[in-house]
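Two complexes are shown next, each including chain A; its partner changes from chain B in the first to chain C in the second.
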Partner chain A sequence: MPKLTMDAEVNGRKVRREIQPYSRLLDFLRDNLNLTGTKEGCGAGECGTCSVFVNGKLVKSCLMPAAKAQGTRIETIEGLAGLGDLTPVQRAFHKTGASQCGYCIPGMVMAATAALRENPGADIEEIKERLGGNICRCTGYTKIFEAVEMAKAVIAGDAPETVLEEDKVGDSYIGANVRRLDAPSKVSGRLKYAADMKMHDMLQMQVLRSPLAHAKILSIDTSEAEAMEDVVCVITEEDVPGNDGFGVFVHDQPIMARGKVRHVGEAIAAVAAENVLTARKALSKIKVEYEALPGLYDPADAMKPGAPVIHDYAPDNLVKHIPVRKGNVEKGFAEADLILEDDFRTQQVEHAYLEPEAGIAYVDPDDVVVVISPSQNITHHRHMLAEIIAKPINKVRFIMSPVGGGFGGKEDMIYQGMLALCAMKTHRPVQLNFTREESLIASAKRHPARIHYKMGLTLNGRITAISFDMLSDGGAYGMSSEGVMRKAAILSCGPYEVKNLKVDTRAVYTNNTPSGAFRTFGAMQAQFATESMMDMAAEALGMDPFEIRRINMMKIGAKTHTQQTLETASLDRVLEAAETASRWEKGVPNVRGAERDDLNGPDTRQPCTLGARIKGSRNETHPYEKVA
Partner chain B sequence: MLTCDAYHMPGSLTEALKLWSETSDGSRLVSGATDILPWAREGRAGDVHVPELVDVTRIAELDGYAFENGRVRLGARTVYQDFLTDRILMQNLPCMPHCAIWFADDQIRTQASLTGNLVNASPVADGTPAVVALNGEIELARLDSGKIVRRSVPVIDFIEGPGQTRIARDEIATAIILDNASGYGGSFQKVGQRRSLVISIACAAGLVKTDHNGRVFDDVRLAIGGVGPRPIRLTEAEQALKGARISHERIAHVAQTAADTVGSRSRQEYRREVVVNFVRAAIEDALANQPNVTISFEDTEEEAHA
Partner chain C sequence: MSRMKRGRGMAASWYGIARTATIDRAGAWAELDDGGTGKVVTGVTEIGEGILTVLAQIAADEMGIKPEDVTIGDNDTARSPEAAHAGATRQTYMIGNSVALASREAFRVLGEEMAEHWDVDINDLRAFDGELWAEGTNHRMSMDDAVATCKARGIVPVGSASFTAHGTGLDPMDGSGNPWQAYVFGTQVAEVEVDTWTGEVQVLGIWAAHDVGRAINPRGVEGQIEGGVVQGLGQALMEEYITDKGHAITHGFAKYILPTSLDIPQINSIIIEDPDPKSPLRAKGIGEPSLVPTAPAIMNAIYDAIGVRIKTLPATPEKILKALRDHVPGHTQIARDNRSLRAKTARHGAVTV
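Coming up: the complex of A and B.
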């Protein structure tokens, strides 16, 4: 294929490289120049982790063919400060603690730098607009905006440079602004995530994924793919030497589909080749014959008698049922003056960490299989992989690379096994970098839940009994479902002392994308129902919502839902702080007037506005959009 | 993933037209490239190989803009960010800055051209209603016996359906020609799920000019996108308002009627409801954005200041 000679000035140095005519600017920077501070978070211009300056204009390098930058002056995160001190923007990000996982941060620093270069006097609305193309999933943006405003003041001379320096810590670290030790490596783009690492002689892996949700695999023919030039190996479940199966609780998931597929996006085979393009082409040469099976897409259907069975070991499709019983609910409901009953539903949610899954595996000279990946659970992965590849534990090593956001989504060993197999089969380092689409289709999601709730109360607001029944869609594999159900059950009825309760949480198998760990681990779904019930109870009883919570809150000496006696309790202080911070006006939630002072206050997020820089544009809400 | 055998960056129009006419089938013209790269990914076209890509952004003749016969001729290299940075364009094409600020984000706007957006012919392209409201025409050039031949097509006719236009195989779009709407108030409405980087569910552009007392509509232009395969100009609504006394009630009435005409083309109840609010907001925002005129509504004492 004809190559293209690329000439550019990158971070002040002239460079010339031979590149592919279809290379993106991002590929040129990362692959040809090793400037890996510029990240690939989505490859579709949505996330901004790849922002760089081209002739002084900020662009998304994943959306720019490299040829377009021919002869231009390019500035990347590495070039902002060079080897010298960090820039005021970078230092401000360090100071405010704006970097957490750090994966969005190089792009965010570039966007902040661009905003202040374009308009050093930009107000906060304009800054927000100009950073609109960059996504962060850790911070909620507050600290990022704080950093940009701080840098702006320093650059303009409105604040002394000393504001960027470390705050002195007094007697206690609690309440002090403590420096993040890893921030300089993140704001400078120097930190290497798994996709940024390169090893000599390294292969690239790609994964063939199922287009069907539930089907028998009749045959897999990899011969054509294996015969391709530059393809080094193709693996399927047949290559697994040990006991195949992983999962956080139940080891029900093979590292590649074994006999059948259970969800769209399940791995079937993987190819390791000299480059990504060849590996991708090889995937299209693998022939898989399927026999479609009836699928389950609704957790309620999964529990019906005669429903299709997804895993042979679980003929009832039940992943886990956690029952909690305390007191006597019948008696509790009999004592109630008021019984409220309702149903709640939550949806599937993707973690959308900015760093797509990535990893490298190699076999070291002592025959130790080494896997480097941003895994949130390396010790467990190591034990499981040793079983799967039939090696003693001392011949398996896991190295945790910096995690560019996980939120629970990187607890499952969904690709490390394939990497290990390819490395063992080729004795060469092998790398796999997920695309964003692949990450979305293959990784676990937050459990969608259905909750049937029944709450009995006395007229003075005291809860007498709760019956809480949660059905969760576990998807095709068990993953963290058991733990999520356990935590959902333990925390089900909230921080309230309930003498009589009957709690059941169940996760069932379906042919949907597997559900797994996600921040709060099941508590969020339960609290959505419980706190909604508390508000509705307040409304029904004509009580203040804080008041009804205080009446029922767990205090020192209270027995939790699982009958633990509390030696400490802080809900009284939490409620007080929340009441003050929200400027709550006492009263029944549904009978207070339109002129509430606790709405639209200084801490309330205003509706999105646009056009901060269009002269004469109106930013205020239009009269007919105002809530009556 | 998008791959190609060759990437061309011609420097002149003649060179570009010659190259383009000689490319093998399946080759593509590239302007900002901000749509073609995401297009060649899973969920859209998947991995795509095209024989050749011809990049039009280094063709000197497509640069800049000029004022001709009361019209503004934008070279095909004009990008969305220009409508937010070039004071002359902002003043003379008053709905364009409001359209541009909703379009993608600052970084993509520096690359994405208005012409590319129109040639792509997405039914939800933000640029289409704004250009249609400005009576836009697209200029197409081709080589005939070595000479450049140009023709212009009104954009409302040029876009025939999703991805379908009247451009011929050997043509390159070289300019967009728009009414000079200096003195008009402009507006743009969009429904999407967030502020930046969101594709419209529906969008609308408005242009309004009143008499100097701010009492009567002299001219009204309304166009909507995302509610059908082709651009829609709301000519009946425009006619109903032209020459009429400005009042909230009249605007609301016209908005309702406009939705009825559109409703027959779009089956979705939600979009129909959106259109009612869009038309009203497009007119009221455009009135408020009109420079140097204070609007006097017949039915209220309320005044909107520019």
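Coming up: the complex of A and C.
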């Protein structure tokens, strides 16, 4: 394909580069100019991490063909302030703690800058709307809003520049709001995440993934791919020199499918090539013969006799069952005046960290295999990889690159093994950057749960017994399922002292996308059910929700569900703090919203109506356009 | 009937700190370095939560220097001591305490030299913000000079430490055991508005009270609460990864809906500090616990507003509308009838409802 010559003014300097005709503006900035402050989060214009200015207008550079920016004036995060300097917006992000993982932050700073350039007097509602195209997964946006308002005041001269500076400390740094030390590198786009790193002579890797949920692999023919110009190596499970298998608790997952695929998106083979396009083309030349197997897509079906078996070692498809028993539940239910029984379900949830998985592997001069990736568990990954590639543990080195959001989703070693293998086969650095779509289908999710709940209570609100049964879809591999089931079981019945309980949590294998670690590790699924039941019980017994919880709460000396004696317990304090701060109006939770007097306080926001708040936009919004 | 209905709900929660049902450990090295700066090395740190800053604060406090003068070497299995993994609400508790102990050790090494140099009792030495002095004397020195003095005496002030949390495994039959040595508790209140024409729910306010032990960086704690609440809100109202026979239907952010700036309630964080008696820092944690009560608080608030109890997450507009349709007309009446039935049955002995 003939190349194009691209001329533009980038951050105040004229540049000319040869680009591919299919290059996006994002590729031009990142690959041709090495301006990696502009991030790729989704490649589809949905997340805003790639936001830049073109002729002064905020655009998502992943959606703009580079050739369309021919002759334009482009401004990126690197060009907002002078070298080593920060703009008031960037300094305000630093001050308020508006950057956490930092991956969305360059785009967010661009959007905030655009908002204040276009309307220096924008109120908070307009600011929120102008940031509406940029997703942040870490901060809950609140500190970002605070930062934009602070910057606005400083720019307008309504607040002195000193508000952007570090607060004074007293006689200790413990308890002080020290500004984040890593924020300047994040708000300026200087911090290099794994996908931003480049090494000399580096290859690009791509992964062939299964289109089938459950199938035998009859054969894999990589010969045509291997024969391609610029393809340097192709790997399959046959290339694994050691004991293949990883997982947080049970090592049931090979680094590439071994004789069988168990979920759509599972890695089958990987290609390392001189460039990503060649690697991608080579994937299409790999021929895989499958024999489809009956699939399991419902966790309840997985437990039925005669169900397809996903892993030979687990003929009943059970990943883990955790029982917790305390007291005598039959006796407890017999003592109850009221018994509530109900079912709850939670969904599979994606971590949606803005940084898709990425990594680099190389073999160093001392023959140490080095993997650089945003892994949340380099310690365990080093152990597992040493086994898989049959090397002494000190010949495997894991470096955790800056993590652009994890939330548990980067605890699984789903690609580092392939990178290491390619590096060992080629003795060149190898990089793999996931696309968003790839990240979605290949990475673990929050366990979806089905909970059957039975709670017995006396008329005065005391819980006499709980029976709690949770079934979770673990998906195709064990990953963190065992630990998630354990934590769910331990915390299941909530922060209440329950004398009699019977708790069972189970995770089963299916052919769905695997479930794994996700912030709360099973606790939110379990306690969603418990806290719903507590309110239902309060309604049935005519009690205030805080009251019924106080009657049952764990105090110092309480025996937990696993019969641990608590030496400290602060539920009384947090209940009181929340009740007081929210000006909670006591009453039975019996659909009394219409009669409440504690609504619409100064500590709530106003409901929003999209498109109503940007100056110059039409104010009359059709009632049906009101959105959440 | 008015279109917009408001309501409030609450939920409580608890959580364990650090790894579950097992012993947990983390190691760290520390050095009081030239120029009165500090160097800390440990196995795993930042995944966005702000732990780097927290560790710098801890090391600075222990070594008597400024957080910005602390350099942290980290995240490398071949160059730093093991600190296990970045998750399980364990960073402040495990790595924070190991950095505190290692820094304390480095300072003690320096202190022994300086006490001898000044001929004072080591227990009278104090240091803060780059200054070292001996209480009740005129001895005072910059940390820069103190490190030079220490080194001139032939000693490099270094320390190392390992911190342990003593969890135990669960009994395989009855699950009994001591899974954690530190627990935290939380309570959240949610205020919502439900559009009964479209089924859409807006969360207008969240009051989040969480015990975090000693808060090392309160602003960072708020950031964790706000982030957790919004992830909880996403799971409560919109997020759902859907597959059809194993194939993802929600294969991009156009299909997998995430909270944006327009979905964010005013989040009112209340930090409760119930100190941990078992660790030198007395801090606990907040990363995961902040997410736990959000979804049930929102579901309880939706019930308060419209009398519909959503038991299957997420409470999408479609689900709310269907639930309302199934109950219309007079859905609140149904809820009330149900309540009086329950109360009646309760009065007449145990009945399953």
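Heads up, the rule we're going with is that the second predicted complex is superposed on the first by the 595 of 628 C-alpha atoms of A that agree within 3 Å, B and C clash if a C-alpha of one lies under 4 Å from a C-alpha of the other, contacts with A are read in each partner's own complex, and residues count from 1 in each chain.
Just so it is clear, contacts are C-beta pairs under 8 Å (C-beta built on N, C-alpha and C of every residue); 3 or more make two chains touch, one makes a residue touch a chain.
Remember, it's a predicted structure, so these values are computed and weren't measured experimentally.
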Would you check which partner chain A:Glu437 touches, where first means chain B only, second means chain C only, and both and neither mean what they say? both
Partner with the higher number of touched chain A residues, chain C or chain B: C
Of the partners chain B and chain C, which touch A:Gly542 in the superposed model: first, second, both, neither? second
Touched partner set for A:Ala44, first chain B, second chain C, both or neither: both
Between chain B and chain C, whom does A:Pro21 touch in the aligned arrangement: first, second, both, or neither? first
Scan A:Pro589 for contacts with chain B and chain C and give back first, second, both or neither. second
So in the superposed three-chain picture, is A:Gly132 touching just chain B, just chain C, both, or none of them (first/second/both/neither)? both
Name the contact category of A:Leu471: first (chain B only), second (chain C only), both, or neither. neither
Taking the superposition as given, does A:Leu181 touch the first partner, chain B, the second, chain C, both, or neither? second
Determine, under the contact definition given at the top, whether A:Cys493 touches first (chain B), second (chain C), both, or neither. neither
Residues of chain A that sit at the chain B interface in one complex and at the chain C interface in the other, please. 44, 46, 129, 132-133, 437, 608, 610, 624
If you look only at chain B, which of its residues touch chain A in the complex? 1-7, 9, 30, 32-34, 37-38, 41-43, 47, 53, 55, 57, 84, 90, 97-98, 101-102, 104-108, 110-111, 194-197, 280-281, 284-285, 288-289, 291, 306
Interface residues, chain A side, partner chain B - complex: 1-2, 4, 20-22, 24, 43-46, 48, 51, 57-60, 62-65, 67-68, 70, 111, 114, 129-130, 132-133, 276-277, 280, 284, 435, 437-438, 608, 610-611, 613-618, 622, 624
